[in-house]
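Scrolling down, you'll hit the structures one after another.
In what comes next, chain A is part of two complexes: it sits with chain B in the first one and with chain C in the second one.
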Partner chain A sequence: MIRVVAVKELRELLRDGRFRLAAAVVLGLLLAALVFGWRHAQAVKAERTAAQSIARAAWTGQGDKNPHIAAHYGMYVFKPAGVLAFVDPGADPYLGVTLKLEAHKQQLPQDAPAQDGTAIDRFGQLSAAAVLQLLVPLLIIALGFASWSGERERGTLRQLAATGVLPRRLLAGKALGLALTLALLLVPVALVATATVVAAGESATAARLAVLLGAYAAYFGVIIAVTLAASAWAQSSRAALVALLGFWCVTTLVVPRLASDAAGRLLPLPTAAALAQAVHSTLATGLPNGLPREEHIDTLSKALLAKHGFAGAETMMDDALLQGLELQAEAEYENAVFDHHVGAVMTSMAHQEQVGQWAAIASPMLAIRLLSMALAGTDFDHHRAFGRQAEAYRRGLVGAMNDDFARNAGAAGWQYKANRKLWHQAVPFAYRPAAVDQVLRDQQVALAMLALWAVGATLAAVLVSRRMQVL
Partner chain B sequence: MLWTVARIEIKNLLAETSVWLVAVLLAAAVAYAGWTGSRAVAVDRQAAVSALTEQDSRLKALHARMLRSEAIGQAAQSGDDPADPVVVGRELAAQLAILPLSPLAAVAVGQRDLASASVRITTDGPQGRTSSGETALAGPTRLMTGAFDLAFVFMSLLPLVIIVLTYDLLSSERERGTLALVLAQPVSLATFVLGKALLRGVLLCGVTVVLAALATLPSAPDLMTGDGALHLGLYVAVVVGYALFWFAAAVAINVAGFSSATNALALVGLWLALVVVMPGMVQVAVQVAHPPPSRVELVNLTRAAASEIEAELSALQGEHSAAVQGTADDSALAAAKRIVVAQEALEHRAAPVMIAFATQLAAQQALLDTLRFLSPAIVVHEAMGEVAGSGAHRLQQFASQVDAFQARWRAFFFARVRAHQRLTSADHAALPRFVFREEPRATLGWRVGAGLLGLLVPTLLLVSFAAIVLRRSSRPA
Partner chain C sequence: MAAVLEAIALRKTYGDVVALHGLDLSIEAGEIFCLLGANGAGKTTTIQLFLGFIAPSAGSARIVGLDVATHALQTKQSIAYIPENVMLYPNLTGIENLEFFTTLAGRRAIGRAGLVEILTRAGLAADAAGRRVSGYSKGMRQKVGIAMAMAKGARALLLDEPTSGLDPKGSNEFSRLLQSMSADGVGVLMATHDIFRSKEIGARVGIMKHGQLVACMGTEDLSHRDLERIYLEHMHD
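On to the complex of A and B.
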């Protein structure tokens, strides 16, 4: 029975000229966005890979110099584009790309692409994700708003009821019909996208893409259920349509902005100037509730001495060794300061994102948007992971330089120069994006909200169709 | 007759709960956006004021130290010497250039949260210039989503409200069967539609004007200053023009004779096309036509150009600070001079890339200024940025004035370094100060005026379409 209803719905939709027009527009936009996104992503990838190798060459080719001076010279790293940025560029345009790693400073990634744009960028990119999150739901609404109410208005609902079919079965058939119609449109595109990714030779990316496609399917399921529920519940097709358009408008336009507004208010961030000032003054004096700067560094350098087995033997050590260890102690002190201030800001930003996940209780679109960005590797979590890995790398690099100073400077002291051998010993920085299961764990609230919407909307559709007035 | 139609229509309207509901929702959105906007502006203004106060006291203290050291005739420690032009220009007297907030800043965040509206000016070149960051940091999702400001409410939500209120202007009468009854009276279809549309149009304009004006109440004190009144007038005109465009679209689709559901879908489709799809396409067009140079490549380029100069620079700076330890003798000044020369060489090398950035951005903006006419939503978006003083044009002017000021700043200090002069208290009193010069009000007026025309023309086209259809259907068969 379900199959009969589904086939009937499908056939009816396919015959509808309006559907064909709308479907053609959505499909055209989706394909254009994917092709454009793919080309853009490839260009970005090539550009950053090339830049990274130039930056590496600048590091290894910096000539002979004191290792600590080399740590000051530092190196640039460039954030690789998100793995599926061609599907969902997410927050990438607003996130910094270049990061300078150097002694005594923890920089934040700079040069977000959006800085070099015009105001038109703020409308949001016409990405595949935007088409899937905004336009496809509207297509579903346009297809399904009259699926119950239309039958009632034409009087066919009474005939159906007279045949004794369970409303549950009818509902399943209608939902299946809508889903099949949508699948006819989107599955080929999904297959092509998957094939492209697989052909590019990325198995980890393919896993991400599979989960991403699943999440979108769930999202469309939610919209189908909401549409059918509204269609059954409303007095007329017109009322159903207006209610559904209102739902779309609130969940895709209003809630996301209100949520990010609320997040900004609940977890205010300092100004960049205030952050810089706080880091600066703490570096000069000492951590709040901690030792003053000099004592702190002293403790750290004692610990370092003890670790290297020189405790109490300072007077017998050569100058360079002591200086190298002191430089390292200073670096460790600075790291503690950065962890304190920059870490706090990053945590606040992460909590803001978390607020967004909870706000998905009022908008399934928010849930899919966060999931999509996360799986595409273009969200704040990935950015933060990049920053963390780069900072860990910086600390290792500065440590290695100070260590070389301490071991090899000897009597030459600051005149000691290391050469390319040491520069080559530093393995190039490589950013490792999180595995899929880690991404899903980070997004568990958004996942739960999407699941909640799926259950809630299905339940609503079932309940409303059971109590529906036939006349 | 027109009057009767309008009277009946107002009774109908007021009796409908959905009208009230939608009006209240819109009013709530406007009130919220107005409130958050003014709050954000207050925070930004406070940050700017305290940054400038801090700067004033810093400069005063510096001046006082200068006077003291002149009195005792003894130089201070290097790196902290108020008479050393290198240290003062680079660090001690660093000056903030802040873009002042416009009277209507609360209307649109615009590009203010992205572009740096405050810059710390030192003798370090433009690529060493940092945003002083006097605005609160914003998370990426916040930047990507955009603020819930008045520009958003009027550009995105107002059309949807108008659509909800007017999509079934005529079709509902037809569907309920009342249209036939009405037309059996001595009234023509044209008069009937005109009566309904005029009343709704006037009501809509009235409500929009009141809401738009009320929303700016928190900024009222600022509106009395400068170009406040002009900005307010332009802003209200843009909102009303935009509202009329959507109203005309709704009327035009109604007279075409589709069902209510088709009308609603067509109007929402139009909304989607103009507010979401067209801007996205224009964005792509602008990017493709004038791609910005790559910042990533710039990093390596300036680094390569700078590396040897940088090496020399750091060596010289070491020499500089070592040489002036305690005293400021001739060798220190000679070293300082070489630093200046090296720095200028570095600038010179990087200049073409910096210029390429500015050129591409200007070309993008020029193209956008033309392509905006493809969608009234883009017109409104740009105009809101303009009247709020957070649009691309004003930020662009700020950037170029900052560049010019920095050139003055460097010339001031470099001239003294080259001449082997130490700074005096008179020099301190004569330090260049940054003052932002607004563009002539006529320029802004013309740009926004052209935008208004971009709203008016499609509105008139829609109205004449409706008039032609109506005249045709009113003609006796």
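On to the complex of A and C.
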């Protein structure tokens, strides 16, 4: 019975010229967004890989020099493009991708791609995610707003009711019909995207893509259920259309903006200048509620000496060894200061995202947007993970340089020079995106909100269709 | 014979307005009962109560002995409904519409060939069955409606001014189909303004006024003129 209704709905829609036109527009935009997105992502990947090779060559080819000077010389690392950035560029265009790793300084990624964008980029870029999140719901609304109300207006609802078919079966058939129509459009595109990802040797990404497709399917299911509920509830097709367009405006335009503003007001972030000033000030004076700078470094030096078995033997030590350990103690003090300030900023950003995730209770689009960015590897979580990994790499690199200085400088002191052998010992930085299960754990609130919408919208559609008046 | 359609003290009110005053009516298998009356007399309300589209305020509407209110699904399986305008899906063909509604009514086993034959029996030309309904005339849509009733194997037929707007030939063809179904044992309740057609095909005629069945008579001994006179007398009261 459900299949019969679904096939009828599908057949009617496919024969409707308005549907064919709307579907062609959405499909054309989606394909264009995917093709251009893929080409752009590949170009970015090649560009950053080349830049990383140049940076690595600069590091390994820097010539003989003191290892602490080499740590000052530092190196650049580049954030790889998100694994599914061609589907959803997310926040990537607005976040820095270049990071200078050097002694005494923890920096934040610089050089956001949007800085190099043209003026027209400010109007927003066409992405597959934008088509899927904004335009496909409009297509669903266009296909389904008259699903029930149109039957009532045409008089076919009386014919249906007279057959004795149960409303819930009609509802399921109509939902399946809409889903099948959408699947006819989107499944081939999804298959081509998956095949492209796998053919490009990105099989690890396929798992993310599979989950991403599942999330979008759930999102479209929500929109279908909301559309059918509104169509059954409204007195006329026109009223259903107005209600659904209102729902679209509120959930895709108003709620995300309000959530963003609320997060910014509730959890304000310092400006880059204010952050730099705070770090500078703390570096000079010491951590709040902590020891003053010199005492703090002294404590760390003693701990390092004890760790290396030189507790209380400073006067008998080689000067270079002592200097090397002191440099490391200073670095660890600086790390504590950076952790204090940058950590606070990162925590605030994470809390801002939590506000966004909870706000998804008023907007399924917000839930899918957060999930989509996360699964594409283009959200703030991935950005922060890149920063954390790069910082851990920087600390390891600086530590290795200071350690080499302490162990090998000897009487040469600051005149000691290490060579390319040491530079090569530093393995290249490699950013590792989180596994898909970790991504889902991080986005559990958004996932729960999407599930809540799915259950709520389905229940609403069932209840409204059961109480629907035939006349 | 057993009643296929039965109204027992059937009443419907909308606030203070009484649309139907305790109607008592019984229609047997194979009988065609025509319900005459002006607009707003309660004819459509009666049919909608039998269909379960609206709930009675009192009394009961029964189909093959089952109360519509308590056996909504079973009673619908025994009836077919043809409104003034049989509304179909314009982007589907006649045969596709028939197949869809017949399958929903649980008569999947008939098959496409059987449905084409039923459409032909209902008077729709074979080549028209494969065309989209958007190009059908009202008469053609009414024939699909009759075909739906035939395919469903309904035991009772509820008709709400089905010949309104049909040309005389179409109206005559429609009447012949009703008589054919009646001969097969289908009980028919037809609300209509057409006094001539009521006399022609109805075994009995009822006249409704202000929600009441004010007259009920057999047509066998009545002339067209008698029926018209009785009808007008009631309308002028």
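By our rule, the second predicted complex is superposed on the first by the 467 of 471 C-alpha atoms of A that agree within 3 Å, B and C clash if a C-alpha of one lies under 4 Å from a C-alpha of the other, contacts with A are read in each partner's own complex, and residues count from 1 in each chain.
In this section, contacts are C-beta pairs under 8 Å (C-beta built on N, C-alpha and C of every residue); 3 or more make two chains touch, one makes a residue touch a chain.
Since the model is a prediction, treat every value here as computed from it, not as a measurement.
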Partner chain in contact with A:Ala162 - chain B first, chain C second, else both or neither: second
First (chain B), second (chain C), both or neither touched by A:Leu258: first
Which of chain B and chain C A:Arg11 touches, first, second, both or neither: second
Which superposed partner A:Ala303 touches (first chain B, second chain C, both, neither): neither
First (chain B), second (chain C), both or neither touched by A:Ala448: neither
Partner contacting more residues of chain A (chain B vs chain C): B
Which of chain B and chain C A:Met1 touches, first, second, both or neither: second
Chain B versus chain C as contact partner of A:Leu440, first or second or both or neither: neither
Set intersection of chain A contacts, chain C complex versus chain B complex: none
Parts of chain C lying in touch with chain A, wherever the complex brings them together: 48, 51-54, 72-73, 76-77, 79-81, 83, 85-89, 91-92, 96, 100-101, 103-106, 132, 148, 152
Residue numbers on chain B that touch chain A, as the complex places them: 29, 36, 47, 51, 110-111, 114-115, 118, 131-148, 152, 156-157, 160, 164, 168, 260-262, 264-265, 268-269, 272, 275-277, 279-284, 286-287, 292, 294-297, 299-300, 303-304, 307, 314, 357, 360-361, 364-365, 368, 378, 381-382, 385, 391-392
For the chain A and chain C complex, residues of the former touching the latter: 1, 4-5, 8, 11-12, 15-16, 154-156, 158-166, 470-471
Contact set on chain A toward chain B in their complex: 18, 22, 29, 36, 47-48, 51, 54-55, 58, 62, 69, 72, 76, 78, 90-91, 93-95, 97-98, 110-126, 130, 134-135, 138, 142, 145-146, 237-238, 241-242, 245-246, 249, 253-254, 256-261, 263-264, 268-273, 275-276, 345, 349, 352-353, 356, 379-380, 383
